[in-house]
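The structure appears below as structure tokens.
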Amino acid sequence: MNILERLFEMTALGELIESPLTLVMFALAFVLLYLGIKKRFEPLLLVPIAFGLLLANFPGGQMNVIQATADNGLLKMTILEIAKEYGIMNMLYYLLIKTGLLPPLIFLGVGAMTDFGPMLRNLRLAFFGAAAQIGIFTVLISAVAMGFTLKQAGALGIIGGADGPTAIYTSIVLAPELLGPIAIAAYSYMALVPVIIPFVVRFTTTESELKIHMKKQEKLYPSKTKIKNLRTVKIIFPIALGTIVSLLVPSSVPLVGMLLFGNLIKEIGSDTNRLFKAASETIMNTATIFLGLCVGATMTADTFLNSQTLMIVVGGFIAFAVSIFGGIMAVKIYNIFSKKKINPLIGATGLSAVPMASRVANDIALKYDPSNHILQYAMSSNISGVIGSAVAAGVLISFLS
Amino acid sequence: MNILERLFEMTALGELIESPLTLVMFALAFVLLYLGIKKRFEPLLLVPIAFGLLLANFPGGQMNVIQATADNGLLKMTILEIAKEYGIMNMLYYLLIKTGLLPPLIFLGVGAMTDFGPMLRNLRLAFFGAAAQIGIFTVLISAVAMGFTLKQAGALGIIGGADGPTAIYTSIVLAPELLGPIAIAAYSYMALVPVIIPFVVRFTTTESELKIHMKKQEKLYPSKTKIKNLRTVKIIFPIALGTIVSLLVPSSVPLVGMLLFGNLIKEIGSDTNRLFKAASETIMNTATIFLGLCVGATMTADTFLNSQTLMIVVGGFIAFAVSIFGGIMAVKIYNIFSKKKINPLIGATGLSAVPMASRVANDIALKYDPSNHILQYAMSSNISGVIGSAVAAGVLISFLS
Amino acid sequence: MNILERLFEMTALGELIESPLTLVMFALAFVLLYLGIKKRFEPLLLVPIAFGLLLANFPGGQMNVIQATADNGLLKMTILEIAKEYGIMNMLYYLLIKTGLLPPLIFLGVGAMTDFGPMLRNLRLAFFGAAAQIGIFTVLISAVAMGFTLKQAGALGIIGGADGPTAIYTSIVLAPELLGPIAIAAYSYMALVPVIIPFVVRFTTTESELKIHMKKQEKLYPSKTKIKNLRTVKIIFPIALGTIVSLLVPSSVPLVGMLLFGNLIKEIGSDTNRLFKAASETIMNTATIFLGLCVGATMTADTFLNSQTLMIVVGGFIAFAVSIFGGIMAVKIYNIFSKKKINPLIGATGLSAVPMASRVANDIALKYDPSNHILQYAMSSNISGVIGSAVAAGVLISFLS
Amino acid sequence: MNNDIQTALIVLVVGMITVFVILALVVLTGEILIRIVNRFFANPPSSQAHLSSADTNVATPLETRGIPKQTLAAIVSTVDIITEGKGKIKDIHTK
Amino acid sequence: MNNDIQTALIVLVVGMITVFVILALVVLTGEILIRIVNRFFANPPSSQAHLSSADTNVATPLETRGIPKQTLAAIVSTVDIITEGKGKIKDIHTK
Amino acid sequence: MNNDIQTALIVLVVGMITVFVILALVVLTGEILIRIVNRFFANPPSSQAHLSSADTNVATPLETRGIPKQTLAAIVSTVDIITEGKGKIKDIHTK
């Protein structure tokens, strides 16, 4: 009958029958919601990603992101044309994500919520945030060998930076078609840091190394400079660092520069409190909600269920593991040449995943020696790992895009 | 003299003399401000609408919305070109309203502020939110008979959904040229619910029906399932419902999906508190201010002062009244077949206009029997009426656009 | 070697060697940061401007604003194309600044934070906010004589309005290429009001004039009308004034209209509290952060280090001084014809720079007569000076654009 | 009859059917959900004491046949609601 | 004289006139508004006791001739302000 | 060897060098900054009492030769850090 036919056409049941794999996407959405809500894996991102995925899977709602191709002319359309033709989710995607706007805005908020104090108090340990970026580049090479394009390989590798906004920003610039799986892998592995770090640590360190007592070493071989005016140092530091980075790695400025600006308006205090509130609350929260929904909406059965996604999941894990390994090795090499020993767990946190990696490292250290509180030390390489991976992202973008 | 001439040209006095009907628009603005401020009719929307109207009435300020036509090429212009050529109000209108962005964002906030608890506790009453959508479709047919186009008639009918953002969203998609009067009618009648519901109830119910005591009926014929873990139910409910709606009425996903997502991030609690704050404060408040101003700015003497506006005002009232009538009749029919009776006021609140309709129904019930507190029961059909009209909007959009 | 070459190319060192004047821009950024942070000169604007400037100076980061020319086709590009081609800072600039959106939004917030109470209680003094706009037009003429175009001269002159958002709005519309220096001059001189007002006052007033005691004059010649229902007056006032301004100077509506709307939603109180919070917090703070960064990003060595910038710095100071002078003279002329004398400091605050000018005037008055508290009186002309310069901006835009 | 009015009539029929179906599904989903949660995720303090009559329709042995608990509950609750408590599940076989 | 400078001069004259007119209207509107509100919307506790001299210019009988109260107040206040208190309204006739 | 893999290798080398250089500069900048601030902007209560050994490397007379204090501190601190405390500045001449 005519009415029933039109009723059926209105629903997405026909589409579901045509592409039953959509059910797998629904299942994925439910798994992500379970992980985000019940297991508390990065709920601020995984819940919107999962719900975005849920809403995206039927074309009738126009809530799924259509990738721009040479044919569909999306890149030439105005925002209004995109909204009219493809709905509000594509509007948000092409206005906020594809432009690369939201990750820098989130970095602005991250900066406004970051305290460089622990890093400044244990400055030399910040150096180990560099070695822990090796996973990014190792996986880049492996992925190219496996058949990914250079751009895709770079986007895959950056998962090893263990930093959500950095991974998303790099994907948007280098390989937007992989944004969904890369974002999910990045945030999932960040949430799995309490499992991954102990796993790598077990195979690469000895008990005696894990017992290296940071405070005792500090007393034996004092090296730190006491900070006599922390507030002034904290205000000048982001300005100085911003100048250096904009001079040496301009392509990382959208990320690092915004991070440092956010940090500056926090450290100035009450005079810029309005800016701080905008950065750490208004902009941060709003950007997170739209980023999550849009990333989720990029994933449909067609684009997600393929061997690339599987390779991203595997490659992302390898990138994480190699980065942790690199950080640990850097400490071990340092320890060969120095009388003053450093606990290799400090290297493991160079990965970033702030502050969970530091907490995990601290817990491991305390298991081997209940008096060995290494949280403050771990935070130094941990925070510097954020800068490290943002700089690495700048290099990837500069060379590959 | 030259200077005086140029001085005069700078003012809008010439335009006022040419189209003195503008004074009527000023009068309308003052009336709306009076209703919003003094009578407290939906001030969050009516005050910005009225002020937008006030600012819009002279072209020199470029604060009036120009409807896109085949000739003026507005739909092809970039945001920057629109702003340069037609000013910031058109920019906001074409970026935020014409794209259909703001109503879903407001639904996101509405969801974050809605508690499905009362509905879940009296689930079966939610069914009566369906019957109360009949006014939408009745007026659709009447309006077509009166000479409106199908699209315009659909936009007019949706006033009977008694839900501001739904009415605005449907108007934007189907008949943006009628946005102003439809928005004003929708919000005014929502504010007039304390008058309209008693008016319809008086002509359709008997005293004995209005005395049906919900709690006593519940004790006589117990049917409700006790909820043993409300938090879990409340978290899974929006996910499950979102899945069903995106499968069956994809065209209502921009509204219902966002509502349910907002509700989910509220129910999860502290883990997604940042998202909740973004949805219920930042995005909601900002969207409201821009929606109101832009809706007001669509109304100028040319576009507003005509017979269509009058018909919308009349048609909107009929849609409201028929919807209330439909809800009441559905209860009456149910009562014929069931031993367990339901107070017809529960049907009247199916209209939505949350939570004012429920309060009005409760007051009427208490007038007839001071022990008959029906608020909790009324809230069930009241909340479901929001879903009902959003689904109806989806059907209208799917069939008519 | 190949790798080192590519490493060098990635940095901005090459560009620094080519245009060493960039170092001057860095120095300027540090000076502005010093003024904003340490000297507390308008930190909410100068800190973001300075940091935007810092991030903008190397093309590799795509954080510098490229002015649209006939050749580069920027005005024809969509937001997405601008972001892809020129980076997020240009996207923000062309979406938020070049469209002229942010200054009206900031005026919305300013209105929501302005209390017209002091002005309403001393209404007749508001008239002196008019005379203090003379610096705007005097510098307009001088600048044209010095070789600026009419549009540039208008943008320069508006610095004399002593109102940041007004100056920025006018510059965007009339001479976007001068936005950076004009914004810096405007905010710097506003911060220097405690130096500039005493400087002008010293050369134009006598001790006996500065000793004119406002409260005693008021008692001798009472003229004020007691307000019996301040809340109602405060609610109707922005509505009435908005109507008048939109009729007489439509081109100032984007500024004055938004100011008055912001004020209205504040005065209504709890019924529109959500709108008030959006205007005074969410929108205001976010607009400030983006305005500052983008204004800073317009300034590069090429565009900033030239004789025009120097002339703007000098011209801006003259505009300020002449405006203060005009306000003082208006009072002196009034005093010739009136028995009831007014302290010339009331004229000096007509400039605006709310509320600092009033505080400075009050301090000067107290120095000459410790019982002569003129703050409440000064606030009247001070607040009206905001309206005065916004109206002057409307005239400039209407005649010169 | 005018063509537009005919379309409007179709929209009326389709629209009201859709609204009724969706709200029926809201009720149904809610009921099933509440029963599943009550049975398997009830809050500890009040779990076993307040079993509703619907839940007791299911004999406990059913749960030990290799069918996942949640699936089972979904099936049971659905049958229960659709048959308005009259249908009872006696056994479930997995091939 | 240079053409641009002539334009600038015109803008100076027009601009200052406009600013003066608008701020004069700010003052005038404010004064009228305060008087109308004082007369018809004064807060109960302090209403009749503190009538300003301007308000007492109007004889009470005027109010009973079918002219709306607000309109009357507007007329009276306007005359009062423009004539600086010297003009007094004796009667108003409606045709 | 595949061309893409060669590019990837170059990126590996350049990337790790860059990351190491930047983080080395983070450490260096931080150290210099702390020393300058300690020497010239130390908070009053704890200023002279807790001079670190690094700071005492600089003889006080140096400060009186017309070289700005901050510049001096920057030079001294840089030498100090780069030479890991072994180099000492005996004198600075300005032409």
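Points worth noting:
Per-chain numbering from 1; labels A, B, C, D, E and F assigned in written order.
We take it that a contact is a pair of C-beta atoms (placed from the backbone, for glycine too) under 8 Å apart; a residue touches a chain by one contact, two chains touch by 3 or more.
Please read these numbers as outputs of a predicted model, since none were measured by experiment.
Between chain B and chain F, the least number of touch steps comes to 2. Contacts with chain D and chain E are shared by B. Listing every chain that touches chain A and chain B alike gives C, D. Taking A-F and B-E together, the chain pair joined by more C-beta contacts is A-F. A separation of 71 Å divides the Cα centre of chain E from that of chain F. The distance from the centre of chain C to the centre of chain F, each centre being the mean of the chain's C-alpha atoms, comes to 41 Å. Mean C-alpha position of chain C lies 31 Å from that of chain E. Each of residues 10, 14, 18 in chain D touches at least two other chains.
Multi-chain contact residues, meaning those touching two or more other chains, occur in chain A at positions 6, 10, 78-79, 248-249, 282, 395, 399.
Pairs of chains that satisfy the touch definition comprise A-B, A-C, A-D, A-F, B-C, B-D, B-E, C-E, C-F. On the chain A side of its complex with chain F, the touching residues are 119-120, 123-124, 126-127, 129-130, 133-134, 136-138, 140-141, 144-145, 149-150, 153-154, 225-229, 232-233, 236-237, 240-241, 244-245, 248-249, 384, 387-388, 391-392, 394-396, 399-400. By the touch rule above, chain F contacts chain C in their complex via residues 10, 13-14, 17-18. Against chain D, in their complex, chain A makes its touches with residues 2-3, 6-7, 10. Contact residues on chain A toward chain C in their complex (touch as defined above): 75-79, 94-95, 98-101, 104, 235, 239, 242-243, 246-254, 257, 261, 264-265, 268, 271-272, 274-275, 277-279, 282-283, 395, 398-399.
By the touch rule above, chain B contacts chain C in their complex via residues 6, 10-13, 16, 26, 30, 33, 37, 40, 43-44, 47-48, 51, 54-55, 57-63, 78-81, 83-84, 87-88, 91-92, 281-282, 284-286, 288-289, 292-293.
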